[in-house]
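Two complexes are shown next, each including subunit A; its partner changes from subunit B in the first to subunit C in the second.
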Partner chain A sequence: MTSPSSGEAVAEPASNGLGWLLEQRVLLSIAVLAVLPWLLPSQALAVNVLIYGVVVMGYNLLFGYTGLLSFGQAAFFGAGAYFTGIAIGRYGVPWFAAVPIAVLFSTCLAALIGIVSTRTRGIYFSMVTLALAQLVYYVALQASSFTGGENGLRGFTVDRINPFGLQVNFLDPVNKYYVLMAFAALAMWFQSRILNSPFGAVIEAVRENEQRARACGYDVERSKLIVFMLSGAISSLGGCMLALHLSIVPLDILHYQTSGMIVMMVLLGGARSFFGPFVGAAAFLILEDVISVWTPHWQLFVGAIFVLFVLFLPKGIWGTLLDTLRVGKARS
Partner chain B sequence: MSSELLRAEGIGKHFGGFVALEGITMSFAAGQLTSIIGPNGAGKSTFFNILSGALTPTSGKLHFRGRELNGLPQHRFVHQGISRSYQITNIFPDLSVHENVRVAAQALTVSYDIWRNRARLTELNARADTALEAVGLLAKRGELAKFLSHGQQRALEIAIALASEPQLLLLDEPTAGMGPEETKDMVALLERLAEKRTVLLVEHKMKMVLGLSKRVVVLHHGRLLADGAPDEIRSNPEVRRVYLGQSEGYG
Partner chain C sequence: MDLSLIIMQLLSGIALGAVLVITALGLTIVFGMLGVVNFAHGALFMIGAYAGLYLASLTGSFWWGLLLAPILIGAFGMLIEFVLIRRLYGRSIDDPLLLTFGLSYILVEAVRIVFGSDGIPFPTPPQLIGVLDLGVGFFPRYRLFVIALVAAVLVVLWLALEKTRIGLIVRAGARDPTIMQVLGVDIGRVWLAIFGLGVGLAALGGVLAGPMRSVNPEMGSLVLAEAFVVTVIGGLGSIVGAVVAGLMIGISISLVALFAPEMATIVMFALMAVVLLIRPEGLFGVRGRTV
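After this line comes the complex of A and B, so read on.
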């Protein structure tokens, strides 16, 4: 070994195979998602894993990495979907422009909710996000001329798209899956960049010790607001994907039950792990699929499994698996 | 005397009807180690929290390098060049030792950057390692901070404060909870730090303070009781009465 220069000496070395592998997390995640439709029992399920995976991944930035337990993430998931649908259906915006517009508007909504909620802490933060998200729900319910109210938003079917001059039938489930996967890949790349950035270190410092982060020179409130907006932006992209996928936006998407489901998914998969949200979304949706076949009370069973996870596997499926691999590596 | 770094003018702090500090006026020169001592409840911690921005004084003014600090939020104090450590270990337990210090080092430059890869910001990584080396923790850089011993966590506490390369380093009882062996290491570290930096120390261990400091400030019931070289303090009858003569068990 040649002696490394002082610059290389301080860079974190990828000392073992596992470490190197984990550094390729975006590519690995994309590879797994690419074969997902053939691993799961149905393609409809795979699309849902993709969509909820992105939503939960955005939420993980807020809950897992920054330690802020919000019960209002459905507001941004729903906002992404509604803004996409309204832009396409009402204003005739082409679908590829509707998605960034929807994300932008949803991020503004996240800024508004964030300004109010990030001033509070702990249980108050959770309650304020819950209340404000319910406010968004009731606005969507009441403004029915814009949102379709109780019936949900309809009339913006995207059936044919032509990216880069190609004619793609968007009603074909396989085509649809891979188009939506491109969005998921973009979201994963963006999230990975945030996590690797200096700001990614700030949010972890805020989670670990708010007082010390402040003493180190960080504006804690501002950092929380920024991460709240980034998290809302990524989750709203999941909403855009849902709108393109379903061609309708059900009102339920904004309900607090959706927020609760997002929290359950991140805990099942593993908060603070990169791929955990997709694992959690898959686990939840598979459980729902399987159990609802033989009983309408599937939520009872999913709830019981969730409780067991919180008690015995607090790091979730993916987080626990990674820990086991790391320990195994360290022993060998 | 070298140039003035920090000046406190008539600093007072009331908590409701309770007067924690009253009329503290003093100035601190660059490049020396000053200790603040006093019995429990003397107002040392309050004074310290005011100097680091954690508390806002009820009355009086703070000047640092000619700039008034009043009204500045706490997180801006580091940007002015004042950095502190804590009496009760206050680190980032689930981050690596290196990351603990690196995140403190980046606060002045790239804190809200969401784009660059922090592993490639070699200058910051090197600065974190320099701070770790200064406190003798470089060998532990990859470990999680929560797995360090108490003495090592106290040293990390100081490395975090050092990472922003402050002009004034405020250390709140760095030997709190330490055994004699660890205390000896810490004293050696403090001596090394004081060679190049302006250090303000709050301490309880009288013998250690008198051996270490160039200047000692004694607070009592929120007021300034004495201020001078260690020898003057040792022979000051007032100080002997309120502090030195008392048993260690006080408070």
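After this line comes the complex of A and C, so read on.
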């Protein structure tokens, strides 16, 4: 069912040490994220890696595991952020209720876009998702009484949160990081459950051979729609995290450049691997950080590096690393 | 709201649609032949506009810019195909798409470095400044010229594809490249030429659009989405589809702008969604050929 090169350890024997390690992917990933603020040059960078990691992880469900190259994931990232901000700022909903509400609304948006776009196949899908996400962008631009239009959404600062009776100052960067990490951990657990479920096997079957999956009796169209919604839901959680983190939602979050950035991140890290999205998000953000120190034209270099990855390293940093480790294991 | 206003707006829509047709045509021809969707098409449209502007100010004449920019950018497109895209044939269909997307990043940033991030006004050629009395109202001369030029380009393209030997090879190559190779046609050279033609059309669209909107490094991103909508509605790979859908979108945008300006950009996406729900392969697309 999975291809031998797949970045997952679903079918590997438990005796294989690497395989056993990879089965603990959620715990391992959380462990790495827990020390991330001390590995990276700045706290701000670590928070961004966390947020974009979750967004890209949700996208990976769609692109990496199901093989659907969407260019519209920004719609759900942005929807999560906007719905969180609107719920808190306009309707006075407490943050712990705003986040699930935002994810629910974003999933409904994903259902609408999914119904139209999953009817199409191949290259059409990429073009249609891009166009529909741009539609969401223009709607947000026009509905400025709700979204703040070009100026972005403001006025919903969450400064203090009280989980289980505790008083946590959310403006403190360390506290903020670990609160947001709890969201990321939840998203990782959810994604891992999906991938380990029979449904996770079905979407990989769809990726490997759509006709064969259909011949086996699976409802390919319905599976695509469900995975589109799940992917949108996880990415929208990243949007909620961004809204809580920044206390402002910039309109650019919905632009197709953001969708493109998500695509770049998943490819840099490695599509079809569990931790790859976080590696990709970190690689992209570090590149941006480092290059923008000495030139404002960092996009030129990021674009060039991305082109080189497509040409020579299509499995990304993490995917290639895992492959190398596996080959080494098999030889010894 | 009188009739003449609606007619004027309709003509505006046709002019807007004409630029869309030319741009989407480049996209759809390349897809029909090579099976590649060029995500840098919008960026190349933008580069075309800048090249036209630069060449026009260099030579002192808009007409040289209009003539040379598509040729130069088309040649640049051939270079892209030869150096980068050629390596990806036989790999996943997503790969050329991803590569051209990365390329669009590079192109946009390169233009920002050379020309700056701010918009530059593109002067209308002096011969076409002003309006023409059409009996029902006054219409900008330049827009009439755009409609006429696009119509002429379409006729030339149609003649070249349907009536010449090269056109025959191109059409046959789109059907079955393997058979063409067996018959002794160097299909690689045909692909190179077609990619150059597609990029040249994008550049032509850019030069034509220049005087109608100002020129800036980000102008390609809206155009890319518009060109996608047009090709999806018309059917990928269909030339007739691109023409019909391009005019349809241009006219819809103009007419909606008259009644509800804030809906103008949104209407084309809504049209696309409706078409996809009824005919997922597009108005003139071939059923089953959606990959």
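Keep in mind that, in the parts below, the second predicted complex is superposed on the first by the 319 of 332 C-alpha atoms of A that agree within 3 Å, B and C clash if a C-alpha of one lies under 4 Å from a C-alpha of the other, contacts with A are read in each partner's own complex, and residues count from 1 in each chain.
Going forward, contacts are C-beta pairs under 8 Å (C-beta built on N, C-alpha and C of every residue); 3 or more make two chains touch, one makes a residue touch a chain.
Just so it is clear, the structure is predicted and the values come from calculations on it, not from any experiment.
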Superposition on subunit A - do subunit B and subunit C clash or fit: fit
First, second, both or neither for A:Val139, with subunit B first and subunit C second: second
Subunit B versus subunit C as contact partner of A:Leu109, first or second or both or neither: neither
First, second, both or neither for A:Arg193, with subunit B first and subunit C second: first
Touching partner for A:His297 - first (subunit B), second (subunit C), both, neither: second
Angular separation of subunit B and subunit C about subunit A, which is computed from CA centres of the superposed model and rounded to the nearest 10 °: 80
Touching partner for A:Leu180 - first (subunit B), second (subunit C), both, neither: neither
Touched partner set for A:Thr120, first subunit B, second subunit C, both or neither: second
Which of subunit B and subunit C A:Tyr256 touches, first, second, both or neither: second
Overlay on chain A, subunit C to subunit B nearest C-alpha distance, Å: 13
On subunit A, positions contacted by subunit B and by subunit C: none
Complex contacts: residues of subunit C adjacent to subunit A: 31, 37, 84, 87-88, 91, 93-95, 97-99, 101-106, 108-110, 112-113, 221-222, 224-225, 228-229, 231-232, 236, 262-263, 265-266, 269-270, 272-273, 276-277, 280, 290-291
Residue numbers on subunit A that touch subunit C, as the complex places them: 69, 71, 116-117, 119-124, 126-128, 130-132, 134-135, 138-139, 142, 255-257, 260, 263-264, 267, 297, 299-300, 302-304, 306-307, 310-311, 314
Complex contact set, residues of subunit B against subunit A: 52, 54, 73-79, 83-84, 86, 90-95, 99, 102-104, 106-108, 110-122, 125-126, 128-129, 160, 163-164
Subunit A residues within the subunit B interface of the complex: 6-7, 10-12, 193-194, 196-202, 204-205, 208-209, 211-220, 222-223, 226, 230
